[in-house]
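Same chain, two partners: subunit A is paired with subunit B first, then with subunit C.
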Partner chain A sequence: MENLTIDETKYTPNIVLDAQKGLIEIKGKSYPENTFEFYKPMIDWVEEYFKGHELPKTIINFEIIYFNSSSSKLFFDFFDLIEEMSNEGKYIEINWIYDKDNDSALEAGEDFKEDFEKLNFVLSEK
Partner chain B sequence: MDITKLEDFLDNSGIVFLSYGGMLTQDLISNMTEALEKETEKNNVSISASTNIFTIFVELSQNMMNYSKSKSDKNEEFDPKGLVLVGYNKENESYYVLSRNIVDIVDERKLSPKLNNINKMTRDEVKQQYRQLRRSGLDKHNKGAGIGFLEISKRCDNIEFKFTPINENKYQFMFQANISNKKKGE
Partner chain C sequence: MEVFENKLIAEIEELQEKFTKTTQKLIKDVRRQDKIMIRSDKRQQKEYDELQVKLAEVEALQKEIEDTQKEVVFTMGAIGESRSKETGNHVKRVAEYSKILALHYGLSQKEAEMLKQASPMHDIGKVAIPDAVLNKPARFNEEERKIMDTHARLGYEMLNTSNRPLLKMASTVAYEHHEKWNGKGYPRGLSGEDIHIYGRITALADVFDALGSNRVYKKAWDDDRILKMFKEERGEHFDPNLIDIFFDNLDEFLSVRDSLKDI
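Presenting the complex of A and B:
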């Protein structure tokens, strides 16, 4: 399966989707003008990846400095998809990486962790 | 025009950042946010407070951008002139993000109860409703999840807003979020 990289812009994160490493990485700011359109290639890739291209262990690194509310909704739907995959027996680990001085990023991570109790969701201080 | 008068006014009101004019675009918003990042860094604003300032600034600006776009898409008569500013209030040592734009009476009818409701909620209630709406997608519309004002409310100490009638169909909508530069628990 082909890997996909989307470069960082002033308002969208750097996205690395690496099937050989079993790695999904999202890093930066997220306030696209049209959030759903922006993340569609990533969601499509993830859906394809879990259709038999996945490694025994998949790591998701999430390091978002700040985001708008439509990104927040999109991340929720993304974790929902991941939870579905995890319920199907895929082994997935999520690292929510935040700066130790960024209370809001920590709080956002805590909320997602609580919303997806079944996921292996780790809050990781940078 | 006497520009020093404007400068004096901005200095005295603690305004660190101001944008006033026509239609907002995504490019303009991200350039302003970048300038704001430099401004908060220069003024040693804590990471928490500055993250909240950026989030609220982006949320309000994108709101105005989407609102004027939806109007021009429908070819409705609309004045896109909006105001968004970030200031510092020396008395209570807090930052504020303020926006002002013109909205239709139908939107005032929708927004006003929503904001009044937010103002009555405790911090925990805001958080709960935010998460519940994010999960259910009940307030979802074509541009977002309908949780923008809850997102703002979660990230500031308090909000203020005012609708002032311009004529029988239009209101001037003023919104302000106050963000203290203290860390939680201080």
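Presenting the complex of A and C:
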């Protein structure tokens, strides 16, 4: 399966999707003009990856320093998908990485952790 | 007896189950939406607060820069004046007179305010005049007069290297405040409107104040004598327009003089 990288821009994060490493990484700011359009390639890739291309262990690293509310909604949807995969028996580890001075990032991480209690969700201070 | 259950019931039950699933998902979504909204509102408020704080900091810095500039410029003027045995209030009065003249002449509020700040530097070139000349208690001979008169060009050269609008303005003031409307001034012998309005204004403000002040080498002139001289110098030493403005608004000048008396 082909890997996918989306470079960081002023409004959007750097996304690295690596099937050989079993790595999904989102890093940076997220306030795209059209959030759902922007993340569609990523969602498509993740769906495809879990159709048999996945490694025994998949790591998801989230390091979002600033995001708008539609990004927040999208991340919920994304974790829904991950939860579904997890329920199907895929082993997935999620690291929510935040800067200690960034309260908003920490709070968002706590929200996700609380909402997806079945997921292996680790809050990790940078 | 075997009971045949209506097939419809099974179908309705299936529907019920789907309906429950869907409504549960909807409830979950609505809860999430609400959560996102609350978080987002909280974040926006925090960001707004931070922005206000930063903005206030920038404004304070801006004011600090402007105040520093004013202070430096004023101090430079005072240095120039101290070399020529003037008192501190002379600089302040010349500044105020210049602003009044500028406003009535029709310069903008901003330009008038700048001139108020720049005009005190008119004598800054005197820092480069040797003490032996500057402090001579008697009249200058021709050679000494020539040296003394270089202060206008020296002031211009000191300030003209700057790109700051205020210092550029001050360099013009320093250069042209001894020019006369009739062309008999120095250093370049400019006449009429070839003399920049900043120079013409400062010339009048400076002379009006110098005549009305006590000096070691002379007593202050009384007002009648000053006003008579100003009338005579209308269109000679001074821009006739400015002299008209001066007489039309004499009370303004006199009240500045009263409020900034030498102690």
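We adopt the following convention: the second predicted complex is superposed on the first by the 126 of 126 C-alpha atoms of A that agree within 3 Å, B and C clash if a C-alpha of one lies under 4 Å from a C-alpha of the other, contacts with A are read in each partner's own complex, and residues count from 1 in each chain.
Convention: a contact is a pair of C-beta atoms (placed from the backbone, for glycine too) under 8 Å apart; a residue touches a chain by one contact, two chains touch by 3 or more.
Not measured: the values here are computed from a predicted model.
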Combined model on subunit A: subunit C and subunit B, fit or clash: clash
Greater subunit A contact set [subunit C / subunit B]: B
Which superposed partner A:115 touches (first subunit B, second subunit C, both, neither): both
Partner chain in contact with A:10 - subunit B first, subunit C second, else both or neither: first
First (subunit B), second (subunit C), both or neither touched by A:33: first
Touched partner set for A:62, first subunit B, second subunit C, both or neither: neither
Partner chain in contact with A:99 - subunit B first, subunit C second, else both or neither: first
Part of subunit C, among the options 6-14, 42-50 or 114-122, whose backbone runs into subunit B after overlay: 42-50
Subunit C-contacting residues of subunit A that also contact subunit B: 68-69, 72-73, 76, 104, 111, 115
Parts of subunit C lying in touch with subunit A, wherever the complex brings them together: 32-33, 35-37, 39-40, 43, 46
For the subunit B and subunit A complex, residues of the former touching the latter: 26, 29-31, 33-34, 46-48, 51-52, 54-55, 58-59, 62, 65, 127, 131, 134-135, 137, 140, 143-145, 147-148, 150-151, 155, 183-184
Interfacial residue positions of subunit A with respect to subunit C in the complex: 68-69, 72-73, 76, 104, 107-108, 111, 115
Touching residues (chain side subunit A, partner subunit B) in the complex: 9-11, 31-35, 65-70, 72-73, 76, 99, 101-105, 111, 115
